[in-house]
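Letters A, B, C, D and E mark the chains in the order given here, with residues in each chain numbered from 1 onward.
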């Protein structure tokens, strides 16, 4: 079966050979992909090379499109703007799909699912979401977690990456941090003394594409679809994260 | 003579700045109520000697005895002894951020812990005495050089010193202002204040001085009563110096 | 260009939030300057103490501050201070800024102290005033007066520098601009807006410093 | 404290990556200083042009740079330039730093030019040299010599300032420290490490500037 | 007389600095090969007049005619005219970043576009002439004042001017160095150079000058042949000035 699919996709890409040029790329023949590089294990630096699940997915997409992947590191808070302005072709940067972001960029279908989680220091008396009222909750600037935090408090220090927030938390600043559960788990694995005090929902993470570049969006979706069907995406997830987070969860509540 | 106290006694005083030997085996005695005048060429060490007597410079060897008390670098009550020896500088060194009266009451209130009211009373009396009754509340920058120097004298007197040192108190003044400062000093001498004065004002030295020391190259080369020393200098170097300035 | 057009909308609509940021910038700057002043005074006195070891300590402090970027200092103090004492974010930011400005203020004060004629010190001593008393009553009051223009200038620099505490999460002027820019996915109008705020602050303070300077010059 | 112990491990194990960052910091600093120098020279000449409108332009530029935080300037130029001109990030960073340093260099050069005795200008004129020729052949060579220490100092400041371009995504020294800190979820040892790098750079450059200064003083 | 050219003609020249009227209705003629000496008290306007002749200052009214050509502020070939009028300053104004020879060849190569080799040849000739054959490659800072001023003269001569202006060329020199500069100037005069010299060296004025103008308060109050003016000054102010300096 897999060989069929391979030949399928080959056929597809050769079919759309002429439309490939109409992707309107930053650089011809290259897919410029943005990621933050400060969001382990989704994107992070090893030496001067950026790696991680997001990066691997981006590379796989580029390969499917027959393009050379060019990874760009950027502050998370600037990535949507960058895609919107055409500085990057796509962003595979763990962006949760939101209405606000949809005004600026188009999103592919989800390439993983996760849940925002409340983290605190182990000695914290915050046991669940109800205890967050009026507390200091730090989040990554420009992330969807800002709105979640706003439901509980006005005191929301915003920083440039989730790791800065988690570090500050562990070092004794802030009362809580809302971030992705995978990132939190990785941090705990790395020795950060923080604890999960409840999930706040389920979010879908997707690839951001410049608005109006429909052909590119279509091609990205197609590539993702193929990767899901072939199990390639699940493989990448297991490789980088340890578990498969590419399947849409059935139960949305905690 | 013998009933008068020795206010300052200097014995084999030596002082060097690095390699420069500035004071060489100075012996000197200043007796109560005497006015001792120091003269000598520029660089001969007059200022340095005066500054050693006020411990602004620390001697290298020899003895300095102030009112019977031998003073060393580590003497614990150095600041207390300094209160007994007032100093007037060539360039006044008034405190520019304080009024005339503020200058005068600063040390009495801060060092002696005098009540402010009393210090003001006493300060005004001293300022009246030096002829500055109308200048209590002005700042030093508005005064003439002669007025500044008289404030400086009042400031030193406010600590009720037993000896006053003057380092060329008139040489930074315009000629027409020298007189008012010398007059103040003369009055002070007449009241019996013990004084050591470095000056080039030979008229003052002759009229007011009880004793004149001529310094040359770090030594007191000749000393005597003013009329003797000025009219019949024994040393050639003294003669040469006197003829050069008179 | 679009951004430039948005700028006016943003400038007006974001007024409230920026005023909050301005207030934080103001508190940060004032608190850090006051502490920096104390630090600066302390190290200035070490530097003129004539005690070698104390001079070395002051030199080392100044060398470290001048040898590393402010942002590094802020982050190290932000993460590092909590090992020693748990302080709120605001005070961690103040500490970083004060640690930095303190070195520059130390140099300003040292310079001002050394510019005071040594006759002043001698006059104090000759009246029987102790070294400490002379320093406190005679030298420092004159030195501070002389240092006012440089201190004012350093205060202006401090306000601009305070923008960096936004990176540890403070919602100061620049933090507000970054956050609003990130949430609207259009940074430029917010950065233009915040630039105008800083320009106005600096303008007002520069005029104030010049005025004080003139007043001091006149009263001399 | 634990962090401090990690520091030595980190310092050694991260050497390669920091050298990459150092190289970027170096390229950034040198490129921005060269451009800042050209900008500075240009505005310095405007300022002494005796043509009101040109002086105003120079004043406005210097006022804007001095009136706003560097980080605001960097972000505005980054988003502005890359938006409109789509220039690469590296050059956007260089532009931000050069725009900033340029104003300070303009003031340094202007000061140096004005410190040259006016007899030099008159000597040139009296020999029939045009204003431009006198400036180029007589005044500027002397002014540059005189400006070397201040320019060296500004270069050192520029290197420290360059740390801020990490916030637009550059992997300079500070950028490397931030990302490695993020990956390990322990920033402190990386910030200590990067502080040491900056201290060493600044130390070396300070010694070099002092040496040049002495050489110039000796040859006068 | 009539066959000699008028090199400089000044007619009703006025110059003010703000409210200060510094030159008042100056009339003056400098004829080819003449040495005109300007004397007068400090502040009388001598330097300003010289600087107007070189257009370092711009007149307010009146005429300045250089070799028959009337020069105004907007004269397009101002720099070309300046080449014909050399100037030597009181403080030399040598270019410190260039060698002695570099100073001399700067203008010929940069302004006249002379080949470097030729400029060097010519420059060396001039330096030999002013007695500095051994100093081609040293920097001005290593020279004595007298040597500096001779380099300045050679530098001006290198542009082959028709007139040379000297503004107190010896008054910044130690007395023992004045002679060497005056000698150089005398030789120049003997070769027929037209010169305008501001100086306090009365011996030089008498020996070398063809004409002396005495300035007072912005006016040329008296002028005449040196011997006449020095020995029989007609104006009271001239008498007073001469007696004050002789």
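Everything that follows uses one rule, which is that a residue touches a chain if its C-beta (ideal position, glycine included) is under 8 Å from a C-beta of that chain, and two chains touch if they have at least 3 such contacts.
Chain-to-protein mapping (UniProt): B, E = Polar amino acid ABC transporter ATP-binding protein; C, D = Cystine transporter permease.
As the structure is a prediction and not an experimental result, all values here were calculated from the model.
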Fewest touching-chain hops separating subunit C (Cystine transporter permease) from subunit D (Cystine transporter permease): 1
Intersection of the contact lists for subunit B and subunit C (Cystine transporter permease): none
Inter-chain pair with the most contacting C-beta pairs: C-D
Subunit B and subunit E: spacing of chain centres that average the CA atoms, whole Å: 56
Where subunit A and subunit C (Cystine transporter permease) are represented by their mean Cα positions, the distance between them in whole Å: 39
Chain centre separation (subunit A, subunit E; CA means) in Å: 81
Residues of subunit D (Cystine transporter permease) touching at least two other chains: 79, 83, 167, 187
Residues of subunit E touching at least two other chains: none
Residues of subunit A whose C-beta touches two or more other chains: 78, 81, 160, 164, 167
Contact pairs between chains, per stated definition: A-C, A-D, B-C, C-D, D-E
Residue ranges of subunit E in contact with subunit D (Cystine transporter permease) within the complex: 54-56, 79-80, 82-83, 85-87, 89, 91, 93-97, 106-107, 110-111, 141, 155-156, 159
Residue ranges of subunit A in contact with subunit C (Cystine transporter permease) within the complex: 77-78, 80-81, 84, 100-101, 103-104, 136, 138, 141-142, 146, 157-160, 164-165, 167-168, 171-174
Residues on subunit A engaged by subunit D (Cystine transporter permease) in the complex (per definition of touch): 37-40, 44-48, 72-75, 78, 81, 85-87, 160-161, 163-164, 166-167, 170, 186-187, 190-192
Residues on subunit C (Cystine transporter permease) engaged by subunit D (Cystine transporter permease) in the complex (per definition of touch): 1, 3, 63-64, 66-72, 75-76, 79-80, 83, 160-161, 163-164, 167, 174, 177, 187-188, 191-192, 194-195, 198-199, 202-203
Touching residues on subunit D (Cystine transporter permease), where the partner in the complex is subunit A: 16-17, 20, 79, 82-83, 86, 89, 167-169, 171, 176, 178-187
